[in-house]
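Next, two complexes with chain A in common: one pairs it with chain B, the other with chain C.
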Partner chain A sequence: MLSTSDIDAIVLTLKLATTVTVILLLISTPLAMWLASTRSWLKGPVSAIVALPLILPPTVLGFYLLIAMGPNGPLGEFTQSIGLGLLPFTFWGLVIASLFYSLPFVVQPIQNAIEAIGEKPLEAASTLHCSPADRFFHVILPLAKPGFITASVLGFAHTVGEFGIVLMIGGNIPQETKVVSIQIYDYVEALEYTGAHALSGIMVLFSFLVLLTLYTFQSRGKASKFSLGR
Partner chain B sequence: MTQKRILLFTLAMLVLSALPRVRAANDESLHIAVASNFIAPMQDLQKAFETLHNVSLTISYASSGKLYAQIVNGAPYDVFLSADQIKPTLLTDNKYAIHSSQFTYAKGELILWSGRENLWSAGKILTHSDQTHNLASLFNSLQVKRFSMANPKFAPYGLAAQKLLQNTYGTQKPPATKVQGESISQAFQFVASGNVDIGFIARSQLPDYGSFWLLAEEDYPAINQDAVILSASKQFATASTFIEFLQSKEGKNIIQSHGYRTE
Partner chain C sequence: MSSKTGEQNQIHLAFQLSYPSREKPFDFDVNACFPNNGVTAILGESGSGKTTLLRCIAGLEKSARGHLQIGQTTWLSEQVNVPTHKREIGYVFQDARLFEHLSVRDNLAFALKRSHEKVTRAFHEEVIHALGIEGLLTRSPDKLSGGEKQRVAMARALLIKPKLLLMDEPLASLDEIRKQEILPYLSALQSISKVPIVYVSHSSDEVCKLANHLLVINNGKLATSGPINEVLSSTELPSNYVSEASTILDCHVLERKEKWQLIKVGFDHSYLWLEDKGQELGQQLKVRLLASDLSISLDPAPQSTMLNRLAGRINSIQRDSSSASVLVKIDVGNKELVARVTRKSIDDLFLMVGMPVFLQVKSVAILV
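Moving on to the complex of A and B:
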């Protein structure tokens, strides 16, 4: 039922989503911790920037990323100067784009979870001579675990569902930038509806199972419900 | 209080959207589905047609593949201007469109374009039979690293580019990375933003800067764009008037002025 190029697209999509999720967890954790605790005036602007991809059409993000990562854009000039060449139409170009695109889906659940802990447990830990690292690994991480799980699942799933940005900066290169959503688009444009049905069906099933797992898991835990765009 | 206000606002919007739409002074109107590569000429055609006949045109632009899917699923279009021949033929074969109405309204011309000025042999016609001015010599001279083209699977310009590459390189891969756009306008965008060196684009897109190369007509399959009147249309007579306008001298002049050939 699935062709080799379908399998290639699925493997590439999973590779992209995994890479993006791992990097996003590393970036978002400090960012979410800062947002959860800061009283700086920067909190508003930073929160707004993080949430932008929630309301911007992906074509806007894709269009600006294409220009920014191009030879005359600031990102493009930077990547060329350090010898990486240009990023559009490469796997790592998609990774960078997806980092922007999925950022709010990872930052916000972690931030919510950390805010829900409150200051008391952390202050208690400090009085027991916990170092900041100890506090993170032994207080924040265990208590905010549901938030981290929600963040990972949403970040992963949202990257799998990415389309508009990849369309703009992907260039449809097999095993490099041709992800499942693009493959489906190609099938529909070529009027090959059977191929489109097979992959679309898999996407619907996958997305449903992801959300089902998430909600089943959440109804058991109390902290950090799935909430976005607060 | 705020909730009540939001509710009132929503209700007001619903009522507004349900009001009958105010029609233009002229009663007759046609709904035309147009392939998005034909936006610019269509805008000129619309102006000319509406002045000539007392008919207002509603135009929906999308890729031919999307418009095809919409038509098969009951979209209320009267005329369909596709970017290829395959979709109108499929529609007439399956009785979604009127067979006798199908005709080629425009023929596309494939060219190569780079955003940089005065490059090697710019403006020349490249052809397979010419020893010096052919596709391979251009790619070699410019040391092309990446080139863009439309997707050959469904875009006629992409298919034409693919045939040219096959004629030049056979089963071997071209010496540069191929970047595929979902449409000819994306293939253009990739060159215009400087992300690729050169691209196969439509002559109708050619901007007034950079360097371009023509490609010999006999080297690639013809890019025929066909139009049809749809069977579901209740305005066959008006639709026919529009089709006739496209084939008239005035219509053809407008189409040619945008870089297309006509029959």
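Moving on to the complex of A and C:
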């Protein structure tokens, strides 16, 4: 029922989403910790920038990223100078674009969870001979675990579901940038509705299961609910 | 030599801190020195800065400037600011602050793993037993009552093997019954660990029961400090605590009169009659006489229902008071008792220093 190119698209999508989620968790954790605790005036501007992809059309983000990564863009000049060539229409170009696009979906749940913990358990840990690293691994991480799970699931699912920015940055090169959403688009353009049905059905099922897991998990724990675009 | 060991056993502190941005600007400036042993209480009303003082000692107030020396160890000065996790303290918060993701046992293990010195199995068990938390170990903190949480928090703070135990109103969030339930555990804390305790409270009753030394904080400043008996009978108590002026006496039970349901307790050749609450003969009791519960009479044997009368000699009469009443100190044997009387009574009875008088005691609070 699924063609080889469908399988390629699914594998590529999962690879992209996993890569992006892992990198985003690494970037977002310090960023979220900073946002949760800072009193700096930079908090407002940084929060706004992080949340921008929530309201901007993906084409706008895609357009600017394309320029930045292009031969005359700052990112493009940098990647060329270190011998990586140009990023647009490559897998890693897609990764970078997705990092921006999915950032708020990872930062905000972590930030909410850390804000919900507050200073109190951390102060208690300090009085129990707990260094800052010890506090992170043995107090913040376990207490914010639901936030991290929500962040991972949302970041992964949202990367799987993107379309506009992928089309602009990645195009539709099989095994390199042709993810499931692009594959569906190509089917529809070619009026091959059977193929579109199969992949679209899988996407609906996947998305439903992800959200079901998330909400079931959240109603069990008293974890901070995920909320976006605050 | 004695002065040197004295120095070693002191806590010197001087903290300055201000919150100009709060709705009510608050300037905190406290300078104090107290023994690094026994129980030192910090007494003050809410908003006086007593918790701030404790947080400064723990290093939790990041913007505090000044000086802190515990015995020979400096935790804060111009050059050093030892972070909280490197200060060898235990801290019992008003709201317990147990880790919600860990069971009671794991909360204790958290401290054991990080203790400042090795915790022996015997001490571990003694702490759990003394605080009566054997039955709670497998529970989760959110299944504990307020009193149980505080007991676990105290155990956790002891198991870190602190050199100084800081307690921030551990009883404040509890109702009266729970308070009475926890108080004996507090006394047990000191006796099993021998650790010096700094105890913050707004209740002079609690403080009288537990403390040897007292600092009174008022409006972000130190109002007075010293051994508890001296401070409570001093004329320097801030106006909001003037009504707490009192004498604390250590007595022992001499005899029991079952006919009257009374016991006779002695202190320094004098005695008092107290209600018989089943105390044992020879038992040590700590009692508190509020200055306002003592009245002065010149008549050696008046017809009166007043049960307790003590003969003494006026030692001093407070001069500088703007209120209608003043404190009078009376020597009874070697003990100094303090009574609050009106200026009018002083004039009417021509009371003067050195005069022999009789003290009538309206009521006695048994502390321990």
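The rule is short, and it goes like this: the second predicted complex is superposed on the first by the 230 of 230 C-alpha atoms of A that agree within 3 Å, B and C clash if a C-alpha of one lies under 4 Å from a C-alpha of the other, contacts with A are read in each partner's own complex, and residues count from 1 in each chain.
The rule we apply is simple: a residue touches a chain if its C-beta (ideal position, glycine included) is under 8 Å from a C-beta of that chain, and two chains touch if they have at least 3 such contacts.
None of these values were measured; they are calculated from a predicted model.
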Which superposed partner A:54 touches (first chain B, second chain C, both, neither): neither
First (chain B), second (chain C), both or neither touched by A:204: neither
Partner chain(s) touched by A:190 [first = chain B, second = chain C, both, neither]: first
Which of chain B and chain C A:129 touches, first, second, both or neither: second
Contacts of A:67 with chain B and chain C, given as first, second, both or neither: first
First, second, both or neither for A:120, with chain B first and chain C second: second
Intersection of chain A interface sets (partners chain B, chain C): none
Residue ranges of chain A in contact with chain B within the complex: 66-67, 69-72, 86, 88-89, 167-168, 171-173, 182, 185-186, 188-191
In the complex, chain B residues that touch chain A: 63, 65-66, 68-69, 87, 90, 146, 148, 151, 153-154, 177-182, 186, 189-190, 193-196
Chain A - residues contacting chain C, complex: 120-121, 123-132, 134, 138-139, 142-143, 145
Complex contact set, residues of chain C against chain A: 58-60, 83-86, 89-91, 93, 95, 97-101, 110-111, 114-116, 156-157, 160, 166
